[in-house]
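For reference, the structures are reproduced in the following blocks.
Here come two complexes built around chain A, the first alongside chain B, the second alongside chain C.
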Partner chain A sequence: MIDILQNYWQALLYSDGYGVTGLAMTLWLLVLSCAIGFCLALPLAVLRNARNPVLWFPVWLYTFIFRGTPLYVQLLLIYSGIYGLDFVHHTAPLADFFRSGLNCTILSFGLNTGAYTTEIFAGAIKETSHGEVDAGLAMGMSRVTLYRRIIIPAALRRALPAYSNEVILMLHATTLAFTATVPDILKVANDAYSATYAPFDCFGIAALIYLCVSFTLIFLFRRTERRYLAFLSP
Partner chain B sequence: MFNLAGYGPQLFSGMVTTIELSVLSLVVSFVIGLLGASAKLSKSRPMRGVATVYTTIIRGVPDLVLMLLIFYSLQIWLNDFSDYLNSIQGDFTFAFPLDPFTSGVITLGFIYGAYFTETFRGAFLAVPKGQLEAARAFGMRPKQVFRRILFPQMMRYALPGIGNNWQVILKATALVSLIGLSDVVKAAQAAGEATFRTFFFIVVAGAVYLVLTTVSNGVLILLERKYSVGVRKAAL
Partner chain C sequence: MKQIFAPAVAVVCALGTLAAPVAAQAKALTQITFGVDATYPPFESLSPSGAFQGFDIDLGKAICAELKVKCVFVSQSFDGIIPALQARKFDAILSSMTVTPERAKQINFSSEMYNEPTSLVEKKGAGLEPTAASLKGKNVGVEAGTIQETYAKTYWQPQGVNVISYQGQDQVYADLLSGRLDASLQDSVEADYGFLKTPKGTDYQFGGNVTYDPQDVLGSYIAIGVRKDEPELLKKIDWAIAELHKNGTYNKIEAKYFNFDVYGTQPAATTAPAAAAPAASAPAAQ
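Here is the complex of A and B:
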């Protein structure tokens, strides 16, 4: 246990001497995929609640497909599937992009969490009470102003508990990155396991690191909730 | 276009493995969840402590890490255990080989048992206390109270959570191909590598999952209708 820690603590936390690995890589994956997912979800959630089927149907299809299939399958499709397609292989920029495990991982994670986040935000937007909308319209707000000032801020607050859950689940999902040779915590732990054949120690250390990150995230979200959902507290 | 290149049977048996694995894991985690929820709601302090530690740790650690941890460690522990038994016996009669399927069921059941514990705990608490008191006043034994009053009503509150967990388990079985189980993902990968049509076969695997989740969603809606008989919803 001690010698594994001595040999691998640097790689587990930030770098193996060649590049970013371990905890730093996991957090980078988490932040980037959640940022992509958030930016994707906000406009899509508005479209998801549109009355026109041409607008909501594609968004529904997107969330249906990405929420109905395992993330591992999506990652496999993007990482090993797309690169095997002929036209991708022969288009230089595409081939460059899809050759990198990190690019494929972030793309699939972003699309996946984007689908879940879209549904969370769409649900929150749908719950907007009609009184707030009526009041906004009575003040002479345009649709854009209404969304920007009334609907979106209130919906994001309502979505906070569910969204924090999604971020924790995304942290757990980043472990899949190691199947695309991205050196996250689990990849380092797996390397340590291959070198030492001590599965309980190696994966146990990784589990403890993930546990600490989960608790930190939960703590941060609790504080955010206390600040932004203060009006709901008893 | 839709040419499985002779890999149809493998894909089908992979799909059957996926379904078997998820159903068995569901059963295991369902039972663990019921036990865990009763431990969490029991009056005994140590029981509550153990259940809380279990759900907190399991839900804080990614399922893939737990899966690798349990899968590789379990075999070593079992080997140590059989070595120990053999050393007592003096011969080599004991051996506990562990195949990926069994350890997949054990691991998934153990992990999602923690999620079910939380689901059932919330559902048990949602049943009004007066109902249980009324049942006791009618002279029902604790077992009868559970079977006739608590469980049927608890299911009503637990069903959305159960459905959610089921979908998560179904999708988590894809991870078990990483520890060597030949499920539908593994079959699709093998077929893709052999025919150089990875994209197509992975799409087929994804479609299988999509069909499974959609069908189970439909079943869930039916179940919810059954268990919410007699509940009036607010008309909006």
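Here is the complex of A and C:
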């Protein structure tokens, strides 16, 4: 146990000496994919609640596909499938982008968490109380102002508990990254395992690191919830 | 104190001498169970009907025949094969396992079964050689957990070669085909049978064998692994392997699979054959 830590702590935490690995890579994947997911989800959630089918149907289809298929399959399709297409090979910017395993991983993680986040936010927007909307309209707010000042801030607050859950699930999902050759925590733990054949030690260490990250995330989200959802407390 | 202690010692000794013959009798060899990761043709694979087949399997059967015992093969994936041996799921590992110091700490190894050099595979006409100088800035794929991964990370990555690890060898070939990788590093027989001789591998070729290995990370040869507490079994297997060589059975089995001498091939680390001489001088300078 001690010698595994001694040999691998550096690779487990931030680098194997040549590139980013381990915890740093896992956090980078998590932050970037959640950021992409969030930016994607906010406008899509508004569109999801539109009355015009031309607006809501594509969003519904997107969330249906990405929530209805396993992330692993999506990652394989994006990493192995898309790069195998001829036109991707012959379009220089696309070929450069998809050549990198990290880009493919972040793209698929971002699209996946984006789909879930869209549904979470869309649900929260739908449940905004009519009173608040009426009050905004009575103040003479335009539709855009209404969304910007009333609906979206209120919806994001109410979506916090569900969203924190999604972020933690995303952390767990980053363990798939090595499928696309991205060296995350689990890859380093696997290296240690194949060098020492001590499964409990190697994967136990990995589990502990994930646990610490989950715990920190839960703590941060609890604090945020206490601050922004104070008006809902009994 | 001494008086109390002495009988206790005597009892322990007596138990020990009693237990020893019992254990030996239990081990009066009637069958050997081999753990095999049957995903590695031509050494070990499953036939369409589910039977074990391959060079290792034939050698294993010949060893059993030599010892006049029953042969049983058990499937076990390679990354868990040493723990499974320790857990007594089988008596010996017969799965193309290279002897390395790290593995030798865990288990004992028989004498040499055969040997296969580590080599580079690349697109035809790429002109790459398995040296850091030739591969600088290129993407080279290896399977995670293999000695080839250790080799590439030890000698090549510090020199600016982009070494990428994969979960499985098939993924390495997939990315070699898709063009993500410029070359891949694996043992030569695996590359020959698993890729180059298949329809997919027609546009690819060997880029040469690895010859530079001062730290001996590639290990020495391939052998049967046995638990440390069974020196008797190890002795018997060693004897059987020697017999196979003496009576020509080994050569017969070898000829069935390979058109070259897999036993005579010296460990990649120590050879600098005349054919590879131009390549050998380059890495020696690093």
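The working rule: the second predicted complex is superposed on the first by the 234 of 234 C-alpha atoms of A that agree within 3 Å, B and C clash if a C-alpha of one lies under 4 Å from a C-alpha of the other, contacts with A are read in each partner's own complex, and residues count from 1 in each chain.
Everything below uses one rule, namely that contacts are C-beta pairs under 8 Å (C-beta built on N, C-alpha and C of every residue); 3 or more make two chains touch, one makes a residue touch a chain.
This is a predicted model, so every value here is computed, not measured.
Once chain A of one complex is fitted onto chain A of the other, the partner contacts of A:Ser214 are limited to chain B, with no touch recorded for chain C. Contacts of A:Leu71 after superposition: chain B is touched, whereas chain C is not reached. In the overlay built on the shared chain, the residue A:His89 is in contact with chain C alone; chain B does not reach it.
Residue contacts after overlaying the shared chain place A:Arg99 against chain C, while chain B stays out of touching range. Look at A:Thr181: by the touch rule set out above, it reaches chain C but stays clear of chain B. Shared-chain residue A:Ser80: touches chain B and chain C both. Between chain B and chain C, B touches the greater number of residues of chain A. In the superposition on chain A, A:Cys39 makes contact with neither chain B nor chain C. In the superposition on chain A, no contact is made by A:Val31 with either chain B or chain C.
Legend: residue contacts after superposition of the two complexes on their common chain; A:Asn190 is shown touching both chain B and chain C. 80, 84, 179, 190, 193, 199 are the residues of chain A that lie in the contact sets of both chain B and chain C, per the superposition on chain A. Chain A contributes residues 64-65, 67-74, 76-77, 80-82, 84-85, 171-176, 179, 186, 189-190, 193, 199-200, 203-204, 206-207, 210-211, 214-215 to its touches with chain B in the complex.
Across the complex, chain A is touched by residues 79-80, 82-83, 102, 106, 144-145, 153, 157-158, 164-167, 174-175, 178-180 of chain C. Of all residues in chain A, only 16-18, 80, 83-84, 89, 99, 101, 178-179, 181, 183, 187, 190-191, 193-197, 199 touch chain C in the complex they form. Every residue of chain B that touches chain A in the complex is listed here, in rising order: 57, 60-66, 68-69, 72-73, 76, 171-175, 177-178, 185, 189, 192, 196-199, 202-203, 205-206, 209-210, 213-214.
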